[in-house]
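Chain naming follows the written order as A, B, C, D, E and F, and within any one chain the residues start at number 1.
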Amino acid sequence: MIDMAEEKEMPMTKQGPPQFIPKLKGKKVIICLVSGGQPVTGAIEGYNPYEILIQTTKGPILVFKHAIATIEETTK
Amino acid sequence: MIDMAEEKEMPMTKQGPPQFIPKLKGKKVIICLVSGGQPVTGAIEGYNPYEILIQTTKGPILVFKHAIATIEETTK
Amino acid sequence: MIDMAEEKEMPMTKQGPPQFIPKLKGKKVIICLVSGGQPVTGAIEGYNPYEILIQTTKGPILVFKHAIATIEETTK
Amino acid sequence: MIDMAEEKEMPMTKQGPPQFIPKLKGKKVIICLVSGGQPVTGAIEGYNPYEILIQTTKGPILVFKHAIATIEETTK
Amino acid sequence: MIDMAEEKEMPMTKQGPPQFIPKLKGKKVIICLVSGGQPVTGAIEGYNPYEILIQTTKGPILVFKHAIATIEETTK
Amino acid sequence: MIDMAEEKEMPMTKQGPPQFIPKLKGKKVIICLVSGGQPVTGAIEGYNPYEILIQTTKGPILVFKHAIATIEETTK
């Protein structure tokens, strides 16, 4: 889903379009899934183009990006 | 999902097919998700080819485009 | 999801495989979503490879193609 | 989702991997959607890499392939 | 969703990453769909990168891979 | 969904972005599906860019990555 045209209309820096996930690395987040089930809460430990590794109180959980609806930072 | 043929049948300008999300930047929107859950309401703060950052009354929420069904502007 | 082999088995014209969405531009349609929620009804005002802009009685709604199950023309 | 390795293990003909949708053109089919809602029943009038046009008793319906779970021929 | 890095970490043979669907050809399988509806049961008659053709007791059914959650062999 | 820009902001090693699934090979995991149905529990026997083969107590199950929400290791 690469949309070159959209990028053109954004104020371009040398880094290209803004990247939101790298800024959340190490932060505690709530991840809501497209399935509408129980959200995943924990710290973002790592990520690649397809998956995000979350450190939860019950251990690490690998979350597929295609299954994520929203991510928000939490201080709780 | 790049569909070159469709683009041909659209009145082409130098910018290519119309881009709708850049026009909504800074605007307050209601985002309905494919999961059918609670819509996300807030101002579009940024976006890239995969995600849209929404500033809500509870703070920023990162919304994955693949999880979005519809976006509409709101004045409420 | 580009399927070159399928195209070969279709009677090829110079325009390639048939394009259905351009023919619906300006027409009033009912869009059923994969989420199974309330259909979106209105006129197709524009589209690009990822989204369709619908003019409804309540204003414009941007619909992501990945969230659409079916589109049918309506005279209602 | 192009999987070159799979193609290697299939008995290759000059046409590449088997194409199933072209063989259903003009046939009456029942299309079950991933949303689990009401199936779409009618004759396949046309298709492209993303969509299938179905002629139903209520008129044409454009069905997005990404929303289809199964297609089966029907004689009813 | 091609992930070159993953392939590197797998014991590489000349055939590349393991292919699971070709090994199921001709076998009787139960296919569970992402929609959570009724599973499709039958023998895998053919496949291409996007679809699998299943021979069921009620006739052939074309199943889109994007709608499949799991496939398991059955002896029932 | 290849996101080159994200990779740039990660501490790059010669292996590129971190790969999580190879590290789980042979481990017992619980796989939650996007459909929200019954999780799949078993050992990861193999994988390719699209599918993961799980050895369960009832035999092998092929799970499509697009249907997976989360994977977590289990000791149970």
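Please note the rule applied: a contact is a pair of C-beta atoms (placed from the backbone, for glycine too) under 8 Å apart; a residue touches a chain by one contact, two chains touch by 3 or more.
Because the structure is a prediction, the values reported are computed rather than measured.
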| item | value |
| --- | --- |
| Interface residue overlap between copies chain C and chain D, same or different (over half shared) | different |
| Centroid-based (C-alpha) most distant chain relative to chain F | C |
| Farthest chain relative to chain E (centres taken as mean CA coordinates) | B |
| Length of the line joining the C-alpha centres of chain E and chain F, rounded to whole Å | 17 |
| Distance between the centres, which are taken as Cα means, of chain F and chain C, whole angstrom | 34 |
| Chain centre separation (chain D, chain F; CA means) in Å | 29 |
| Where chain F touches two or more other chains at once, by residue number | 1, 3, 5, 17, 19, 21, 33-36, 48-50, 65-66 |
| List of chain E residues in touch with chain F within their complex | 1-10, 17-21, 24, 32-36, 65-66, 68-73 |
| Residues of chain D defined as touching chain C within the complex | 1-2, 15-17, 19, 21-22, 33-37, 40, 46-51, 53, 58-67 |
